Amino acid sequence: MSAQTRVFLGNMAFVIKKMMGRKKTDRASRLRFWSALNDVGINSVFFIVITLGFVGTIMMLHGGYQAARIIGDSNLVGPQILPLMIRQLGPTLAGLMVATRVGTGMAARIGSMVVTEQVDALRLSNACPVNYLITPSWHAALVMVPILSIFGITAAFFSGMLTAYVVFETAPGVYADWSFVSGLDAVEALIKSISFGAVIPLIAGTCGLSTHGGSAGVGRATTNAVVLSSLAVIILDFFIGALILGLR
Amino acid sequence: MSWGSFVRSADEMLTLILALVTGALGGRFDARETWQQLYLVGVRSLPIVIVTAIFAGGISAIQVSAHVVRFQAYDAVGWGFGFVVFRELGPLLIGLMFSGRVGAFNAAELGTMKVTEQLDALRVLAINPLNYLVGPRIVAMVVMMTALVMVGNVFALLGGMLTAQVLVDVDPMVFWISLTDYVRPVDLFNGLVKAGLFGFVIGLVSCRHGLAVDGGAPGVGRAVNQAVVASALGIFCFDYLVTAILP
Amino acid sequence: MIEFENVSMGFDKAVLNNITFSLPTGSMLGLIGQGGVGKSVLLKLCCGLLEPNAGRVSLGREALTGQSEEHLARMRQEIGMAFQNTALFDFMSVGENIAFPLRQKGGLSDIEIDARVLDCLTRVSLPTIANLAPSALSGGMKKRVALARAMIHRPPFIFCDDPTAGLDPVTSSRIFRMIDEMRTQYGSTCVVVSHDTGGLFKRCDFVGLLRDGAMAYFGPTQDAMSHPTVAEFTLGKARTQ
Amino acid sequence: MIEFKNVSKAFGDRQILKGVSLTVDAGKVLFVIGKSGAGKSVLTKHVVGLVRPDSGAVLFDGVDVSSWTEEQFYPLRKRCTMVLQHSTLFDSMTIVENVALPIRKHRQLGWNAALETATSYLNDVGMAEYAKRMPDTLGDGLRKRIAIARALALQPQCVIFDEPTTGLDPQSAIQVDGLIRSLADRFSVTCIVVSHDLRSIFSIADRVVMLYQGQVLLDGPADVFRRSEHPVVKQFMSGVPDGPMEL
């Protein structure tokens, strides 16, 4: 294990310990939570709706062309892709987009505070950097990533419906056939999005706090944040998916 | 992103493309730097692409299997898998990771050079940063992204076969036959076209955001953030276009 | 009183080696030395942002080394630090920046805090900028705001890391005077790092010269210039007057 | 050789230069001095096109360059280059590669020949022993000297130095001063030096220009400044806190 990895893991343990510790809630900390909610949630909605909207269309196009080629009937596509959207593409791509937007944003902000010694100034003023900079985003992401996933799934659903109607002349009623969607799909989506919400701020915040070495260091930290948190999303997706498949 | 800043960045992007096209047509890209970038981009992203590909293969196999188990259609796993991975999920996930690894790194590197005035240093040495730095990077990203998706396909296939065998007990041979029976070369080709375009979008967007950095270390972080967000938008946008145009 | 006892500190390689000195209460130490010699590290040891590898640092009667995070937090309320590149919080206005240490400490009403902030800003000759963002300020102004933030809670210990870096001689001498005025008024013990030996020596009581990780000279300012090591360092840097 | 005619420049609502007129003589060392933020760097950056004036003209050998495009400036920058404030070495290259870059790009030499020529330039500034090191392992004083060697590798007629001695220990500062003086004396290179280091001014300047409140306050040999009765000049020269100079 390289020295850098050791430092990173040490920092992550420190962040987790601080986050689990008792902390005071006052007006200022509530304000920080609200602004984190705004940053993680409101400011990401547009981005996620757009990207997942594209995904819905793309899936419908793929499914439609394939179905037309193999079975000659694209009416069956809707019910087939709906469960896939709900349990897989919705939460995962929403998670990847949160890792991209919120994760890099956090790492960039915290990392630049480290190299400009603002984090030292926080510590000197008796404010814990973890509680001040990471905990609010962590709470916000736990709440917001599931909600964003729902928004994303909805966007994909409607864009897919529109594509089905315009390109394949499938009636919305035929497309929106929920018979293949089970409760387990919703459970899978929920577990995935909550765990993504938990790991992304943790990894991104740790990357930010581990920054060293000026502007280049901030760039490195931000890059690490997006790579590591996206990777975490993909790996978690694999294992949670495998787990739930075992339950079927 | 406000409307004004969108128009401005689109305008900058077009100017950048124009300048790059003139540079490329005049043969003014720095050859040495291009080779170096090809090597760096390849080396930098190979591990992450392989890991992503294996897991993307696994994820696809799991999701396809969930359908297959319901219909008891075990001989369709390979088809569903190959189609999803080669055409869609492979290029998409590898593209997103490539944007995180190489695009973000690139925006950070150019941004750091901007705020530490290294770009100005190039200019006062009478060297055009666009031909020296930006052109070679974009060329390297287009070439390498395409190459890496080819490599990624192989590893995704391995990940998918393994997952299918372990989790739903599909024999690798059955998997392979249904894959080769139904998946056409055009599906592979479609994925590679996407990969090349994604490489171009990531290269262009990350260079543009790197060059536009303002305001010291915080600016570099912000630029990386904007670069990966804009790259993701660009990737999905081109993904849609290719899917709609090349059925 | 600030005391260093056999303090050693290093990261990948040793930076400070067996540093021992003691600075009497109410006096000001001017710390000089070449770039990268460990002056900033020494200041961070002084305020407990770094733990020494060996030895003991104490402020007043209390040791700073080996204390729990809670105890350190209490001790830091007696410390004011102006960082090298100002370290102003860029997500707060100038006024909120200066008020931050007071707010974290608690116990004062908003009105009292506002009055203290205005008072501090007036001392650094910037009474009208409380609502501006730090990014709107010039380099010299940021340095002065950082000073104001370091001194708002009237700390018994003040540390300034290169408060005049890159500034012209006139602005530098003005900043040195501000530091001197404030520490005299609060009776604070003060350590200032600077390259500007001419401006620094006019204000400080003691001079410390760091060289090769060791304290090559530590003593009263009036003796410093006649000391060969210090003279060698400052040679050619004395301003034409 | 270089002439500023009534040059004005503002950034946002901060008016930095308010009509500066100035002629620079060939082969001499000209110092531009003034308090921090007086616009010294901004003024000199006009010459190489890093900054364009809001109004007024900048003449290089009698040609007005103030409305040139970026492309047009590249040939000029081979004749007149700049050593930026923070040395700005390319931190992904070794020292000798830094110096070799402009040689390779502008003198049609192969990579190995360029490296050899670069080593001879490093010898001139007494830095040959550091050729294989990376820039971030060196102190500020050494980096400054390498940046100067890199600028000289262009064989320019004119070099602009932005705060060459700021933040250097006294010994390094004296060496950098000596380098600048010898450039003018031995190769009759025109040197423009931005500085507020009084010691350099009195040791190597042929002529000094002081900027104050966006205009030229005083212009002449260093002795004129030493004897000047102007209250602002007097305060600047003595560095005392009390006086008429604005904060």
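Per-chain residue numbering starts at 1, and chain names A, B, C and D are given in the order in which the chains are listed.
FYI, contacts are C-beta pairs under 8 Å (C-beta built on N, C-alpha and C of every residue); 3 or more make two chains touch, one makes a residue touch a chain.
All values derive from a computational prediction rather than experimental measurement.
Following the contact convention of this document, no chain is adjacent to both subunit C and subunit D. By number of C-beta pairs in contact, A-B leads over the other of A-C and A-B. The most distant chain from subunit C, with centres taken as the mean of CA atoms, is B. One finds 49 Å separating the Cα centroids of subunit A and subunit D. As a whole-number value, the distance joining the C-alpha centres of subunit A and subunit C reads 43 Å. Subunit A and subunit B have Cα centroids separated by 19 Å. Each of residues 91 in subunit D touches at least two other chains.
Within subunit B, contacts with two or more other chains are made by residues 109, 116, 218.
Touching two or more other chains at once are residues 90 of subunit C.
Across the whole structure, chains are in contact as follows: A-B, A-C, B-D, C-D.
By the touch criterion stated above, subunit C contacts subunit D in their complex at residues 34-36, 125, 138-140, 165-174, 176-177, 195, 198-199, 233-237, 239-241. Per the touch definition, subunit B reaches subunit D in the complex via residues 30, 32, 109, 113, 116-118, 120-128, 132.
Residues of subunit C touching subunit A in their complex: 44, 47, 49, 73, 76-77, 79, 81, 83-90, 100-101, 103-105, 149.
Those residues of subunit D lying in contact with subunit C across their complex are 34-37, 139-140, 163, 166-167, 169-171, 173-174, 196, 198-199, 202, 226, 235-241, 243, 245, 247.
Of all residues in subunit A, only 28, 113, 116-118, 120-127 touch subunit C in the complex they form.
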